[in-house]
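There are two complexes below, and they share chain A, which is joined by chain B in the first and by chain C in the second.
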Partner chain A sequence: MRDLYPSGFDSFILPFMIGMTFVLCWCGIGAVRVIAELDREDRKKFFLSFLNPKILGKNIRDWFCDCLFHVKLWKRNKLLGYMHSSIAFGWFMIIVIGHIEVFIYTPERIHRMWYPIFFRYFVAVTESTMKGSFFFFLMDFFLLMILSGIILAMVKRVRSRLFGMRRTTRASLTDLIGLYALWSIFPLRLLAEGFTADISGGSFLTKSLNMVLHSFMSDSMNALPVWWAYSIALGVFMCILPFSRYMHIPAEILLIPLRNAGIKLKHEDKGVARAELYSCPSCGVCIDTCPLSAVPANSRDATVYLNRQLKRHNEKRIDQISEKCMLCGKCSVVCPVGVEGDKIRIAHRSRKKYSIAHDYSLIDEGKFIGNMTEKRRVLYFMGCMTALTPAIRKAVTAIMDKAGEDYTIMDGDGGICCGRPMLVAGRKDAAMEMIEKNTKIIKSSGASVLLVNCPICYKIFKENYSLEGIEILHHTEFIDRLVSEGRIAIDRSETKYVYHDPCELGRGCGIYDQPRNVVAAAGTLVEADVNGKESICCGGSIGSLSLGFDKRKALTENALKHLTCGSPDAIVTACPLCKTTFNRYSDRPVADIAEVTAERLI
Partner chain B sequence: MMNIFGFRLSASSAIDMDKVDRTLFDKLCAEEPDARRCMSCGSCSATCPAGEFTGMSVRKVLHNLQRGKEREALKMVSSCMLCGKCNMVCPRGINTRHLILSVCRIYKTEESR
Partner chain C sequence: MNEIVVIIGGGIAGMEAAAQLLKLGHSPIIIEKSDRLGGHVGKWNMLFPDLTPAKKVVDELADSCRDANIFLNTEISSLNRLKDRYNLMLSNGISISTKYILFATGFNMFPAQKKEEYGYGIYDHVVTNADLEHWMNGNADKRMDTSGMKTIGFVHCVGSRDEKARNPQCSKVCCITAIKQAIELKNMYPDAQIYCFYMDLRLFGKKFEDFYTKAQRDHGIHFIRGRVSEVSEAMDGRLVVKAEDTLIGKPLKVSVDLLVLMAGMACNPDSEKIASQIALPIDTDGFLKSSDNIIHITSSAKKGVFYAGACTGPKTVPETLAEARSAALDIHTAIIKER
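So, the complex of A and B:
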C-alpha cells in the first residue's frame, strides 16, 4: 500500500463534496421537519419504536428488503426487480466496501468523506496479495452488477413491456437530469478506475479495460479529466436529487420506521404524508394497476401524478385527481414503497370547506330503537345499497331462517346510512354523527352479532365504530361459518362461478378465503386473471365523487373482461353495489353470494 | 278572526320568477351541468333514506333552488347522508352526490351570509 498523494486531496473531489453536503443537509432538515409535523403522541410513539427490538428488527429487515433488494418488485417482475436491486444493492456494496478499504489501509483518513469514493485515485493497493485482489474483485463485481442494471434501465426506457409495464411515468425535467446523471456515474467510474488499474491495480473489469484502451489510458494526462467527470456526475446527481424522483432513496429510509411504528396518515401533506410523497419513486406501477386507466386519458390521474402535483402545489389538479379516484386502494397495495394513495386523497378531500353544514337533528334514531323490543342474537344491518337489491335481503333472511338463527333486521324499512360514503367524501364530522346514531341503535338492541352484507358498511363498522362485545360479521363469513358448523348444507352444482373480490371487502378488510369456500361449496370456482389483492374495482364505487354515470361504463366493461376470461357461467360477488354495477353490462348472470347459497340450500 | 269558520285564507304561494335572484343557481349549473338534466321523475325522492325524516329529495332541492326558495332547499340538503342511492336509481345518470356537495359549497345559509 502506498499513498499516491500524501496530501490526500485533489480539487476534483469538490463537485462531489458540494453535492454530498447539500443532499445531507437537505435530507437532515427534511427528516426533522417530517418528525416535527407529527402529533405529540405520534412523535413519542415513533421514538419509542426504536427501543422495541421487534419493531427495530422489522425496520432493519424492511430497510434491506425494500430499499436494497426491492423484494416487492421482484415479485411483480423478475427483470424489473433485478434492474432496481442491482443498482441499489450494488451501489450500497461499493460504498460499504470503499469504507472497509479505507478503514483497513488508511484508517487515519476515515474522516475524509471522499476517500471511500475516490480511494483508487489516492491510494495504491497491491493486487498481488490475497487480501488486495479480493477487494479489487469485489469492487469490480459490484460495479459490473450496477452496469448491468443501468443497461436494463436504458432498455426499459425504450421497451417497458419487457419489464411487465404497459405504461410508464412521463418523466419531468428534473427526473431526466437525475436519470442521465445516474446513468453516467458508473461508466465514468469504470473508466476512471481503468486509468489507475496499472498503477494501483485492478481486477477483471478495470484491468481489462486498461489493456483494451491501453493507448488512451497509458497517457496519465487523460486521467484527471475522467476523475473530474466522475465527480461532476456524482455532484449533479446529488444536487438534483431532492427535486427529482430519486428523493425516494433517502425518503424511504424514514418512511419505513414511520410505518412500522404504526403512525397513521392524518394530514394530506404533512408528517407521514410528506414522507410518503417524497418516497414515491415515480415508478408508475400504479398507472397500469389503476382501474381508471382502462380509459387511457385517465392514466394522468394515477397516484404517481397526484404526488407530482402535490409537490408542485397545483391545487386545481390535486382537487380533480382526488375527487375522481374510486378509492379502491389498489395502488396502495401494489406500491413498492407503500404510498397510500387512497388515504392521501381522503385527507385532501377533508380540507374542502362546505358552507352548508350537515344537520341530522330530524333523523331520529329513537324510531329504530322503539321497533326492536325483543332481544335477538343477530342484528342484521342491510345498508342503503341492499335496500335497492331486495333479492339479497331475501336470500340472507332465507339462509338465516333455514339455519334457525334468531335475528332481527335493523333497517328493514329504511335506515340511517353507515357513514362510510360521507367519511370518504372527507366530511368526518357528519360521518361521526351517523356513527353515533347507529351505535345507539345497535347497542340498545342487545344483539351479540352484527351481520352486514355490504362491504362498504362492514369496513366502517370494523374501523370506526366502537362496538365492544358485539361481533361484526360480513355475510360471507357468516355463511361460511354456518356451512362449516353444519347448520346449513349447500347442494353442489356443476355451474362454473367466478368470484369477484369487492374492494372494500378484500383489500379493505382482508377477507378473501371465506367467500371462496362458500362459492366452491355451491359449484366450481374459477378465478379471474387478476383477483384477490389486485381485484379490479367494478366501477360503481361510491369512493369517486366526480366520476359521472357515463364515464363508468368503460371501467365496468374492463373489469368484466378480466373477470370472465375463465368463461364462467355466472359471476358471484359479495357487495350489493358491485352486483348492481355488473348487472348493467354483464352478458351473464351476476348474483350475490347469498343468492347463490339460498338457491341451493338443502 | 280568520279562523272562526274553520278555515282561513293563506298567502299566495305563487313565485314571481322575475324577482328570483338566479346568480347562484346559474353558477351551480355551470359547475354541474347535470342540474339541468333532471326530469323530476322522483326516483331520488322515493329512495332517499333521509327523506323519511326530513322530506329530503334531490328533485325538490333542484326545484326549490331554481325557484329561489333557497331556505327550504338548503334545509333539505343539510340532512343528506351522501349514501348514493339516488345516484344509483337516477334514470338520467345524474351524479347526485357531487351535485349535492356543490350545492353545499356554492350556497350559504342566511346566518352565515
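So, the complex of A and C:
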C-alpha cells in the first residue's frame, strides 16, 4: 500500500474536519460542564471510580453492551436490537479497522484525523499488500452490516410494529436532518469506495461495485464528487449531532461511568440530569410502555417528549408533563440508556412555589410516643391508605395473632404520614419533617422490626429513613417468612389468582418473589401478560399531581385488561391503593395478599 | 279488544301503573323477578315524613292491581322488536307479544362494602339504612346490640355524590331517611346520643324541613357537617369514627356503638341488560335515558316503550307514584291514538 498523493490532503475532507472538530469541542466542553456541575463529593467519587477495577470493568462492559451491542434492545425485540447494534457496532469497527490500516500501511499519516476515514481515496494497492485483503474484506463486511441496519431503519419508519413498537417518536426537524445525513453516509461511502476500488483495493462489495461502475463510467475522476458528498454527509451529521437525538451517542459514554460511580440525580437539570437528558436517544420505547399511553392523547407526556421539551426550555410543557406523571417508574426500567424519567420529574416538581407554606408544628409526636408504653418485637405501621382499607389491617393483625407475634400498632389511633406523598410532589422539606417525627416514634418504641403493608410507605422507610438496627419489612416478605419458618400454614385452594406487582414494591423496591411464594401457597398463581418489572400501574397512583379522577378510569381498565388475560378468579395485590383502585372497575374480586392469607390460615 | 301492556318490575311504580291501566280498561302484565311485589319499599318499615307504614302503602297498591296478570319469580330471557311489536320471552317459558312496554325496573342499593373505609362487612356494628329497616320490621340482626346502644352514628352519602365510588348523583332520599331513622332510634333508645355526619342536607320535600327541625329541637340529634374519613374498631369493639367538622374547621373523633351507612341508589344493571336488547339509550349515570328530562320523562327513544320511577334516576315514593300514573296516561293516550 502506498500513498497516492504526497500532500496527503484534499479539500473534500474539509466538511468532515469542520464537523469533527465542532463535535469534539462541543462534547468536550459538555463533559467538563457536566462534571463541573456535580457537587464536590460526587465529583471526587466520579474520579475515584476510575481507579476502582470493579467499577472500571463494569464501565467497559457497559460501554460495549449498551453503546455498541444494545443488549437491552435485543432483549426487547431482536430486529430492533439488530438494527441498532449493526449500525453502532459496524460503524465502530469500521473506525477501528480504518485506524489499524493507517497504522500498518501508512504509519506516518496516523496523526491526520481524516486519514482512516478517507483511506481508500489517499492510497493505492501495491503488489506487496495482498495481505491487506483481510482488512478489505472486514471493511466491506462491516459496511454491509451497517447498510443492512440502515435498510431496517428505513423499514422501521413505515412499519414500526415489525420492531415491536406500536408508537414511535415524532421526529423533530433536527432529528430528521440528522437521520437523512446518517442514512446517506454509508451508501455514499460505498459509492465512493466503489469508484476507487480498482486503485485502492476493495473486497466483495466495493470491488464488485467498481466493476459495475466502470462498465458505464470510465473516468475515475468521477470519484471526487462522490468523496465530497460522503464528506459533506459526515460533516452535516456531526454538525447537527449536538442538536439532535444523535447526541445520545457521545452522551451515553459519559452517563455510564456516572451511573456506575453511584452518582444520584440531585438537581433538575444539572450534572446527572444533563447527562441523562442528552443520552436520550428519542427511541420512543417509553411511549408504548407508559401506562398513561392507554389514552392515545397522553402519549405526548412520555419521557421522550419531556426530554425534548427540556431541550427546548418549554417551561409550561415541562411542568405539565412533570405533574401529570404517575411516577410508576416503568420508563426508567425499559429505557435502553437508563434515563430516569420519574426522578427527573420529581426534581422538576421541586421548583414549584406554593403560596401556603406547610406547618406541621401542631403535630405532636410526643403523644404517639406516650401511647407506646410496652416494648414489642414488631412495630406495625399501617399508613393512611390502610386506615381506609380496614380489611387489610384486620388481616395483617389476624396473621400476626395466629403466628403468636409480639407486636404493637404504631398508628392504630391516628399517626403521621410516612412522607412519601410529599416527597414525590417535590416537597422534600415537608417530607423530611414527617420523616424526623416518625423516626423519633419508631426509635423510641424499641421494636426490632418495622412492619408495613403499604409499598408507598415501605419505599420511603427503606430509602429515606435512617433506622439502624431496625429491620424494615413489607408484609409480603413478613408473611413469606412466617410461612417458610412454619409459624403459619396456608390451606391451599383451587382458586386461580393473578398477582399484580405494585409499582413501588416491584420496580420501587425490587420485591417480586416473596408475594408470589405466598400467593402460590394459597392457590394457583397465573401471571399477567405484562408483569414483574414491567407491571402496569393501577392508575390510582399518588404520583400524579394533576391527573383527574375521570382521566384515570381508562388507565385502570387497561391495567385490568392485561392483568386478567390469564382469566384468573381473583386479583391479588400487595398495596392498599392498588386494591381500592382495581376494586372500582374490576369484574372479579380484588384482595390484598394479607386478606388471601388470613382467609386460608390453618 | 283490550291492549296488553307489559310492565317490567313489580315495585311501587309497576303496581301503581298497572292499577291505573286497569282503570283505563287495558290489560297490564307485571313481570317481577323476585317472589313478591313491592320492591324496595316492600322491605321498608316506615316511610318519611309522616311515618306511614310501608306495608300499608304496598298492600294498598297490591290490592288495586290484583286484577292484573302478575308473573312472580320471572325474568326476561329475551326482548326483541318486530315491526311495531315487541316480543318477550320469559324465564317461565311464556312468550308475550305487545306494542307497549313500561320499564319500572327501579334501582339497586349501592353496595356499602365498596366504601371499605366505613368497614361494612368488616366491623361488627356497621349496618346500612336497609339493614336497619329490615331489623325494625322485626328481623333479628346480630349487629344490633340492643343492650349497649349509647352512641349511634349515621353516615350520609355513602356511595352518593361520590365519583370515586362511580356513583356521582345524589340519591335524594337518604338525607331525610337518616333523619327519620335517627328519630326512630332515638325513640327506642332515649338515652342514646345520635350523630349525623353529612356534607349537605338536601331537604326539598314537603314537611322535610319540619322533620329536620324536629329532630334537632325535640330529639336532640347532633348534625355534624363533614364527611367521615375513616372508621376503625377500638379494642373494646366500639367504632371510632374520624371526621372533620367543617363548620368549626377541626377534625373530630367519635366513638359509637352502632354506625348506620346511608347507602344510596345506584343504577340497576338488569335494566340496562334488558334495555340494550332493543337499543334503548343509557344515560351517563347508568340509569335509563328519558327522551328529555322535563316534559317527556316517561318517554323513551323507542315507540311504545315508557319509563316510570327510579329506573331513570333516584326518586322519592310520591314522585315514583306520580310518574307511574303519568306513564299509564301516556300509554293510554298512545293506545287511543293507534285505534
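Here is the rule we go by: the second predicted complex is superposed on the first by the 594 of 602 C-alpha atoms of A that agree within 3 Å, B and C clash if a C-alpha of one lies under 4 Å from a C-alpha of the other, contacts with A are read in each partner's own complex, and residues count from 1 in each chain.
We take it that contacts are C-beta pairs under 8 Å (C-beta built on N, C-alpha and C of every residue); 3 or more make two chains touch, one makes a residue touch a chain.
Quantities reported herein were computed from a predicted structural model and do not represent experimental measurements.
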(request) Give one word, clash or fit, describing how chain B and chain C relate on chain A after superposing. (result) clash
(request) Figure out whether A:Leu467 sits in contact with chain B (first) or chain C (second), or with both, or with neither. (result) neither
(request) Quick one: classify A:Ile18 as touching chain B (first), chain C (second), both or neither. (result) neither
(request) Check whether chain B or chain C contacts more residues of chain A in the superposed model. (result) B
(request) Tell me which partner A:Ile55 touches in the superposition: chain B (first), chain C (second), both or neither. (result) neither
(message) One more residue to check, A:Asn583. First (chain B), second (chain C), both or neither?
(response) second
(request) In the overlay, answer first, second, both or neither for which of chain B and chain C A:Leu138 touches. (result) neither
(request) Could you tell me if A:Leu4 is touching chain B, chain C, both of them or neither one (first, second, both, neither)? (result) neither
(message) On the A-aligned overlay, A:Phe549 touches which partner chain: chain B = first, chain C = second, or both, or neither?
(response) both
(request) Could you tell me if A:Pro390 is touching chain B, chain C, both of them or neither one (first, second, both, neither)? (result) second
(request) Pick out the stretch of chain C that clashes with chain B after the overlay, from 99-107, 225-233, 261-269 or 297-305. (result) 225-233
(request) Kindly list the residues of chain A that each of chain B and chain C touches, one partner per complex. (result) 387-388, 414, 549-550, 580
(request) Under the touch definition given earlier, write down the residues of chain C that touch chain A in their complex. (result) 114, 116-117, 119, 122-123, 163-166, 229-233, 240, 242, 253
(request) Flag every residue of chain A that touches chain B in the complex, lowest number first. (result) 323, 352-360, 362-364, 384-385, 387-388, 414-417, 419, 421-422, 425, 427, 430, 434, 540, 542, 545-550, 577, 580
(message) Looking at the complex, which residues from chain B come into contact with chain A?
(response) 34, 47, 49-50, 52-54, 74-75, 77-85, 87-90, 93-95, 97-98, 101, 103-109, 112
(request) Using the touch definition up top, name the residues of chain A that touch chain C in the complex. (result) 387-391, 393-394, 412-414, 549-550, 580, 583-585
